Amino acid sequence: MIKASVLGATGYAGVELVRILSKHPAVSFSHLASRSYAGKALSEVYPNFKNVVSLELCELDPVAAANDSDIVFTALPHGASKEVIPLLADKKVKIIDFSGDFRYKSREVYEKWYGEPHSAPELLEKSVYGLCELHRDEIAKASLVGNPGCYTTCSILALAPLVDKEIIHTDNIIIDAKSGVTGAGRSSSTDYSFCECDGNMKAYKIATHRHTSEIEQELSLIAKEEITLSFTPHLIPIKRGILSTCYANLNGEYTDGEIIDVFKDYYKGEYFVRICDKGVLPEVKNVAGSNFVDIGLCVDRRLGRVVVVSCIDNIVKGAAGQAVQNMNIMFGLPESMGIDNAAFYL
Amino acid sequence: MIKASVLGATGYAGVELVRILSKHPAVSFSHLASRSYAGKALSEVYPNFKNVVSLELCELDPVAAANDSDIVFTALPHGASKEVIPLLADKKVKIIDFSGDFRYKSREVYEKWYGEPHSAPELLEKSVYGLCELHRDEIAKASLVGNPGCYTTCSILALAPLVDKEIIHTDNIIIDAKSGVTGAGRSSSTDYSFCECDGNMKAYKIATHRHTSEIEQELSLIAKEEITLSFTPHLIPIKRGILSTCYANLNGEYTDGEIIDVFKDYYKGEYFVRICDKGVLPEVKNVAGSNFVDIGLCVDRRLGRVVVVSCIDNIVKGAAGQAVQNMNIMFGLPESMGIDNAAFYL
Amino acid sequence: MIKASVLGATGYAGVELVRILSKHPAVSFSHLASRSYAGKALSEVYPNFKNVVSLELCELDPVAAANDSDIVFTALPHGASKEVIPLLADKKVKIIDFSGDFRYKSREVYEKWYGEPHSAPELLEKSVYGLCELHRDEIAKASLVGNPGCYTTCSILALAPLVDKEIIHTDNIIIDAKSGVTGAGRSSSTDYSFCECDGNMKAYKIATHRHTSEIEQELSLIAKEEITLSFTPHLIPIKRGILSTCYANLNGEYTDGEIIDVFKDYYKGEYFVRICDKGVLPEVKNVAGSNFVDIGLCVDRRLGRVVVVSCIDNIVKGAAGQAVQNMNIMFGLPESMGIDNAAFYL
Amino acid sequence: MIKASVLGATGYAGVELVRILSKHPAVSFSHLASRSYAGKALSEVYPNFKNVVSLELCELDPVAAANDSDIVFTALPHGASKEVIPLLADKKVKIIDFSGDFRYKSREVYEKWYGEPHSAPELLEKSVYGLCELHRDEIAKASLVGNPGCYTTCSILALAPLVDKEIIHTDNIIIDAKSGVTGAGRSSSTDYSFCECDGNMKAYKIATHRHTSEIEQELSLIAKEEITLSFTPHLIPIKRGILSTCYANLNGEYTDGEIIDVFKDYYKGEYFVRICDKGVLPEVKNVAGSNFVDIGLCVDRRLGRVVVVSCIDNIVKGAAGQAVQNMNIMFGLPESMGIDNAAFYL
């Protein structure tokens, strides 16, 4: 059994990871660390685990966790992550980090979008961006994986085939993304209270959201040229799910069928990427609680534009589920082990 | 008192109109007609009206309604509307129609997007498009007003100043719109059941939604050139509200403040249009239950693009409220009479 | 015009009061005081008021408020209310307090259920319990009104006729109440965050909720004997609304119709109390946003028991709306002035 | 592998059963029958199954299903179930029926509450009531199991220990139950549309809901005397979950701890029944998506009454999950196989 530790086990991404790993056939828990709740049973904080996970939450002790584990998942607040990773990096343990710190090839890009110096630039060399469908081989060899953002996973996978096959003009890409409230984490801010969110929606961080740079990095890599694009996140009153609606101008005449075939071919053999047939569009309920990415599209022949809609569960494929997918790859396990369930739908 | 009749009083747009008119100081009800519920008290079908409106729902009799009323609102299903309007048009009564039939200058455009011959093309001449902020003077003289669609009201007002002031390139406009479920009307379709909608979201009718043509008509009029654009509607699990996120490429360098000033100037004196200050974006809860349109924007200087976000209550400013605003204009009443309340917020 | 001040204008009860008063034909605002937001425009904190209320929020200055107003509404946190009321009580101004402090006849009962000494016991003499349908005459003469709790308004009105007409045994009354989340106020507690509340429900404070004592006081007054009862509150993922399901054993054989007649007779002439006909039960959507109380019932002849269901909007009839109803009574205005609108339904 | 067929695979109970069985290590699918969608792939109707279940939905052919299966689950509309069961009953196949038809010991009780003659009274002899925690041994030997109702499972388990240990008076039991909307099935009725349910709640079928008789049957069996009780169902705007609040008068003095111990003892060794510690109450989010039953309680010493709150997922422990638990028992498998996951929480 793989001994796994979760540092930051009581945030939403962390606890979803624990939920998934609790049924993973090849994993046993080592440290479940929580600064806020150390000393309490997990099932005291999250009673849904009673009779399922009987562990006690422990203090955040990165070195001990590293020594006791084959893999450590860090799902810590931005600041905490910075301190912890370097301590883990010296050890033999494999690391999957949920923060933005190790998702970048370029220290400059990170520092520009995060507005602060990188705490461990030397690790950027060895860290791998954990978008499984794009970087499987590097992930397999990696000891430190930067687990991708939720918006970015959803958006990059929606555009990668179009960029790779040079079907679109890359100078006018627009991504309009809508996210559920779990994306904000387990928050006590009034902004995320039930009464402020229910029946409401809004856009936020237009032109400045950090995930923009992550999407641009990956699409630029595929295009072998620098791509810049518009990314607008929205807050929607659902718990789980992201839907990205992506717009790009076609550089030729294409039918829906032709572009759908490009997607099906590009993602051939990918268990978690499901391409919708002509006339079908993805919906959150078909991916919620699962690690699937549903992608549908429509060509607007009148305007020579393609609209691609992609959909994931932000805390599964957008966080905890993809982390498990990365772990499976890093340990040579079947990639879908423990995450091959259908979405809840209801 | 103005004698008002509502044909189709038990659909969501119709009943919202009745709710607003029930407190309008200058209006008394004549016919409240409902095919489904004729003979029942309104308060039997909608118990929220008990002790407020004591009328009985009557059969759909357009001629009688016309004879007994100063104004007739038709909030009927697409088909029914077609039959009824011609019967009303001969009479002296003023008409505000909620269907798409009288929103168009061009019969061809209507027939192209609706896929059927227009039933009363001769009325297109005299009908006026009831987007109050743009056509106030014609509306004041009109006897037949085509009440605008919900998506269109929200989207046109977000883009009109940019088009009018020639601040943007008009060849790359993209509107990503999100609507609450009341937009689908009072529906018994499984697609709109609580269990299918709650926790879900989806895009639909990409590149083919009829409101596209309405938005293009109005923006083209302002631009004095033909504008085509992308419009993508989404279904969001809230009852009331539309949020339109609009993207366009700027034809020069502008700051947020400069463009905000353009909007404030363009809508100077407009009670129902509220332009957000720099750094503020609209939210549905600030307009839900009210006739206000909130508009905020952000310039992406990095990309030379502007993102405008607009927000309305789809069944108030997007339907019943704007109809009352039109009525107020047609009868020379203060434009905000009976619709000057703040949004519910909660 | 009546000059009204609201102390605590930015909590949910306070801001709902401002929303209602902003359209009240006989009221103008004096002080809108907010500790958290003094100095800001109300429309900065609650943008739904832009173009509707242009006032700035001021510091909490009870004496100044009293001097500048005909009536002061105190919608302050429990502690703050204690300090403020005595300062107001010396003045000529009329006071409507939203806290629990002045709802009690007996200082002992208050201190037992609130677990602390009463701060101004001498005022209990002159204060009147503001449940309009039961204490209209005292309210008309009162200078200090203790505005009833939300659960209590809903529950007392559901049981008063049965107790008054001695139709039930008073030793086995059970009230199972369900409330929307606004009942918790504008909260930044994780317990009331969207992700913790949406899709969830729970009971809380079983056998210990303070409103129990308020209900017992009023029903005991009617019964002229001490009544004790079970009251269980539940948290439901809606914003507005309370539904109380009340159980009592009948002391004889009755039909639905007979008991419905008792209710209709008991509440004859009461505009805000609507008794459902046989076979009809109240629903939150029929009262949300309105000051109405809907009451329906069903006799279980098999068990000799009656089940009464009552429904209100917790922040309107359960707080701000009833406060305005009290104000109307205190100033000799038509009781429904400014609060006679139908529920939103949608 | 156990060959399992689901007749009625596209209703909510049926499709949830398919979702659970799709990950059950000991089960393979035989017939997935759907009258509405025969001939379509399951993943066309429910796209969440794409890449997980690749079966096509077939016509409803009970005999063929029986011949091809070790167990047949019937999750059909009331009428359809009646016709199908007798055809299956002759065969060697084991049957778990989701309808009310085989939950009763007494034909008279069934006919009284269902208002129609029973279609196969001869089968009542051999059928077993599938409330696993109460009838495990009979279920192990049964060939026909009547899978319990959702409200009944939740309510019976909350009261069984009190009745069995004779801690309460049985003449004044009141059950106030709240259910999510999936309880109504996959409905196209306007009553269950998003806009009618969201933000709303209501009671329904007071004193007449069929589940009353099921609860009375089981508690009477335990009490060895006839018990009658009040049961009131409510509709709450969530998808999954039932919460039952049960009231009973104690026949002596007890502390919370004493009664909690009675429950813990009564359910000792029951994996799926989780008794909350003193001061803790169950919440839907802790059981949603799982087969667990959470039970908490509070003694009201002032009134000599106990309030027990129980919570389940209505389509898991209240339907599909308990059906799988029954199957596990019938085939001698570990009782929690395939249903031992934690609740979703989010």
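Every chain is named by a letter (A, B, C and D) in the order it is written, and numbering of its residues begins at 1.
The rule is short, and it goes like this: a contact is a pair of C-beta atoms (placed from the backbone, for glycine too) under 8 Å apart; a residue touches a chain by one contact, two chains touch by 3 or more.
Since we're looking at a predicted model, the values are computed, not measured.
Taking shared numbers over all numbers used, the subunit B to subunit C interface scores over half, which places it in the same class.
Seen from the C-alpha centroid of subunit D, the farthest chain centroid is that of B. Subunit B and subunit C have Cα centroids lying 36 Å from one another. For this pair, subunit A with subunit B, the centres built from the Cα atoms lie 38 Å apart. Multi-chain contact residues of subunit C, defined as those touching 2 or more other chains: 12, 182, 195-196, 198-199, 237-240, 283, 285, 346.
Touching subunit B in their complex are the following residues of subunit A: 172, 174, 176, 178, 195-196, 198-204, 206-207, 228-230, 232, 234, 236-241, 243, 245, 247, 249, 281-285, 288, 298-300, 302-303, 305, 307, 309, 346.
Contact residues of subunit B toward subunit D in the complex are 12, 181-182, 186-190, 192-199, 237-239.
Across the complex, subunit D is touched by residues 12, 15-16, 19, 22-23, 46-53, 182, 199, 239-240, 271-272, 274, 276, 280, 282-283, 285-287, 289-290, 292, 294, 315, 340-346 of subunit A.
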